[in-house]
């Protein structure tokens, strides 16, 4: 079980990955045995543009300490334009979260192609470290869901 | 009540060595809804699949979770297996405990913990899965080819050969396109007309092919397998069914000062005209911009001389509507205008010509009957300078950022042909790079240099100045010699960049296909689906997708045809059931979803609804065409009311996954 | 009569707060007042009323009823109720003070609402008489004397001292507990002030509002009045009036899925909401007209008909100030009265 | 390449705003240059040498004063590289090093010779001396 | 002005151009005006009002009204015409059913501001040369007009009507407003300060839904917060997370559609500066994707349903301003 005292803090990280690039990139990092922290749990979505801001907030509500969205590189979207919409929506959402005083490093958007297994692993490693430094998510949590 | 079966795969030792699979199966057996939780050596093996199938029957399962390798590997395998056992294939979820767990984590305790969470997440999702059925949508067994150049002709012939009806829509009075204007083809130097015109005739005679010349596509509705296309048949003022193509009218027409497009404007034609001798269909067309009868009602000569009584000054544009199963886009290209490049003096000097003009100057059917003469004084040019990359590889708005691909080769061709026919002519080619990737291409270029002694100069021309003595001073740099050259030439030939035809952009909008910033159609995948557009049922043929030479164009045309044939062969199309759908009761009709849909899958209709307050109201609501939707989900986020949801990746499913992960 | 001189009032607050929670109206930066827990330096607001009423202390917007702990396939039920600690609310105006008699009728009749009861038993209401009413005040219409407010203890000031009148045994106990801070005082001056205040109330624009047209016996006539359509036209269906109302008492019971089970809680609900009392077939009141009518019929007709003629409104005027469209019970009463 | 050159290159790039990496070595700049014959290093070489970091060679070359700043190369470069601006930046570097050493009007008559283009003199007057 | 409006309304009713008139109705105390539909000249004579307090935006009510039979006349202030246009763009209003008369905008007054100055017992308010003369039961009070101007009018963005059938009074211009100043002030705070600010403000929320229900951009047939299927439905705040979720999602849903009419802040019973959330989105959209004013016209694409291939990356959020 993950222990959430500040000394031994293990962040919970939700990673939304698009099926065509980033999920395949994650698979590749697996195939190449490139390790990244166990804290990262992947949710498969058809396209990064499927990620509703609701999902991100839901994750924070339920106890996630960081949320990362991964999609195809701009221009490479399987659905031609999905990730362009993602980029606008998520930029604005992250900016709003920042405006509300939520720590910036809890959210991230990365473009990871199916060939970038190594990038996937290093992005996850880095993101987990950044979130770990921030400590548990307290500014956007639902107390009713806090782990005892 | 859910009855879920969990099956944990060892994948030999791939999973089992770092994940305690038995512990995972045990832990997941306590999850709500789980009635059976088992582990097995190789779940994807036949006996593994049988294990799952038997469990489905024995426990009457309503959902299956396989903890194994990536769904990208075996999701389909397990879906098929479950389907065979009578469970809807979309009630299967895969927990990826190999690529995402056993392969990347070393510590067995934490890896097992993570595997349990991934399993739990899949269980949370499968609990909300609904059975999905793939829709079938019928296919109209007819194809439309837009554009009647070599690409369109080839695609049409191939589709027709396979036994399907094809319509070609060509905006000019004849099919043939740019290839009809070309003299010889590289690298074989065979005559373009000799190989193209038989194909044109073949197209006109094939009973499966129907040519709508002098026509344009004005509206496209529908989706893969079932497009409804409105075609505008422009008035040609000649009855196609009556005209025999005898050409008498063109001889008698008093209006003889119309620039002849076919000869790149180097000579004139009449107001009623047949573009060239081998035109298909060979039918006269009246140019309303020049015809005196149409302009001021005075003349009528053609009508008088026509024995067939085909001339009809009262003809109007007509619209016809037809259904098609597949559409092949072959709208082709045009060279860009040299007007913007002042330094090359194109507009100041008639002896600065474009390559296409040179093509006509050298053509036996051209203005000079095949003798190469300067347009200005009809003298034989003794020194000819070719300038490559005019407007290609250009970073500013005068030109195009891409390489036009064909110029290096046709310039070599021109140089070679000139040196062959007129050995006393000196030929210089200014180039940046000579690009010759293709079968026999480099050999061809080397032949021009070695055998025909064409002077290739690495460098660009900076300035072209027409001089009083009729010579043209070409000032350019020779970068290898590091000197500036001045050549007094008699003829300067500009290898203009090519650009997609202007009709392509509005067409792309009608077809809801994507284009790049240069107006080339975007293929569905640059490597793996190069002849399909991202919109299902629309295929790309020829230069409309990117610069190509003739063999490449023909190859792509046939490939596009093959794709279209593959579609037309089917009686119906099975659609991916993981598509968006709108809850009409919640839809506001605001059009946000429509605007983000890359496929044009969303349409609106006004429907009558019984409202919660028991009144009846007509509301504008969205509906998704499942045959067109590809399931990206962009609309689900654009929709503020949440009326749009995506099958297989619904809001509630994803949120359940989030909950399970964060638990 | 018990009194504390005004300059020693803060000492009194500090004394009470040292032993139990004390809430009182304090000013916010935006010029409105709200009940806050007393801390060192808190200043009693001079405003007439708080945005939210004192009902919140006894019937909070949300409260947890029971927890279910779910582990695998097992469900464990956890009663989360605890005995409430003693607390006092100071500065409750006459209207809010009367609201408790209305809420009590709802929550303390059989079956008794143990959550509400628990808080009522432990909370002392110290009311404060009004001297400077607002134009929106119409408590007198419902027979409330703003100068002699109800509550466990009622306070009035003569400008120099705060006088305390004990009304209930709970109040008696409270006064005894803090007996050391009170002095004895002569309320003569106070009576004069009260008389003055009563006269001010008579001058209020809504002082002459009549309740004669309302009550249980006119139920069907009022229900069928054609006026509702026009009245409800501008209602945007928000819950502002309900949530700031001291007497609105409707709630919904809902489940919240936590990471390890379910929290069953209740939260205020508003009859103005389209989702109010939603059942399998939907909300029985399908239009905003019906929902709008429900709220005022409840306050002016249904409630009095079930409760010996007592109206469900105390005339605090909050809905008059806060309604986004400025529609309110007064406009409703006037419109329906004309018809009468 | 030593670090000093890198530093100079950095300065030239910053001062000129030119992106030398956009050059595709077509030579059109040199093909169009009216002062080509006067120059030791030609416009395309300027671009290439700046890319290599050979700034000092350029600074010491009279070429920098032969450029007429006619901007023909800027106008015609298909890649938008703007060689004249690069030349100008190198010239500026050289001049800055010479500090206040400027051309005075009275010095001009001595300098005039047959070959020197009028425009070059005007430019030199406006700019600075060798 | 009011008389002209009444006159014109009666004319249009009489000649059958319209069968209803939407405007405002007098209240009890001279400041509490109610949006109302008038059906006859008598009603107009008796109740119609347009004064310094008629600040509510009528556009949203036209969604419902334009579904009824006949044409309705609506008096729209400049800011209301933006909302109207935006609703038109989203196919929420039938243009044919509405006859718009553009009327000059504010500045309109906010009675709450007058009351917050301690003035009470109000029975009438008059504007005498930009001094408010307030009758109260305690006697006459005075205050400068501009001190009582409502928050939304203080940073007016435009006095230009973007849609109308006719105008009463002159059309104005788009203004240079300081409406982003407050947003900027917050942006310049530290993350912690911003968090504290919003925690303090949003914790006041009682989830009355007034902001949502009054908002002309919130015209969903069924709001996600009322829909049990959405997974985020809720009736009352139960945890500090809930009100953040509500306001973030609401602001996000109206992003690119919010015309900055300021109704949300006007109606908030707790005076939460909700408009700052919307303005933050507007400011971001303007600076990242080019100037965009929702409702300004019917053609420009909503930046959230549009894109450019060279849009900035979200990391821009991480790079600018103070953490």
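Chains here go by letter, A, B, C, D and E, matching the order in which they are written, and residues are numbered from 1 within each.
The definition used in the following text is that a residue touches a chain if its C-beta (ideal position, glycine included) is under 8 Å from a C-beta of that chain, and two chains touch if they have at least 3 such contacts.
Predicted model only: the values in this text are computed from it and were never measured.
Participant: Going only between touching chains, how few steps reach subunit E from subunit D?
Facilitator: Each step joins two touching chains, and the minimum needed here is 2.
Participant: Please give the intersection of the contact partners of subunit A with those of subunit B.
Facilitator: Neighbours common to subunit A and subunit B are C, E.
Participant: When contacts are scored as defined above, which chain pair ends up with more C-beta pairs, A-E or B-C?
Facilitator: Pair with the higher count of C-beta contacts: A-E.
Participant: Could you give the separation in Å between the centres of subunit C and subunit E, each centre being the mean of its C-alpha atoms?
Facilitator: 30
Participant: When the centre of a chain is set as the mean of its C-alpha atoms, what distance in Å lies between subunit C and subunit D?
Facilitator: 84
Participant: What is the distance in Å between the mean C-alpha positions of subunit A and subunit C?
Facilitator: That gives a centre separation of 46 Å.
Participant: Hey, what residues on subunit D touch two or more of the other chains?
Facilitator: Within subunit D, no residue contacts more than one other chain.
Participant: Give me the residues of subunit A that touch two or more other chains.
Facilitator: Answer for subunit A, listing residues that touch two or more other chains: 53-54, 58, 62-63, 81, 85, 89, 144-145.
Participant: Which residues belonging to subunit B are in contact with no fewer than two other chains?
Facilitator: 596, 638, 651, 655, 659, 662-663
Participant: Okay, what are all the chain pairs that touch?
Facilitator: Contact pairs between chains: A-B, A-C, A-E, B-C, B-D, B-E, C-E.
Participant: Which residues of subunit B touch subunit C in the complex?
Facilitator: Spelled out, the residues of subunit B in touch with subunit C are 30-32, 612-614, 659, 662-663.
Participant: Quick one: in the complex, what on subunit B touches subunit E?
Facilitator: Residue positions touching the partner: 517, 585-592, 595-596, 604, 617, 619-620, 638, 640-643, 651-652, 655.
Participant: How about subunit E: which of its residues touch subunit A in the complex?
Facilitator: 183, 186-187, 191-199, 224, 230-232, 238-242, 244-245, 248-249, 251-252, 255, 277, 280-281, 284-285, 288-289, 303-309, 311-318, 321, 323
Participant: List the residues on subunit C that touch subunit B in their complex, please.
Facilitator: Per the stated touch rule, the residues are 70, 72-73, 257, 259-260, 274, 282-283, 286-288.
Participant: Would you pull the subunit E residues touching subunit B in the complex into a rising list?
Facilitator: 67, 90-92, 219-224, 227, 229-231, 253-254, 301-302, 304-306, 309
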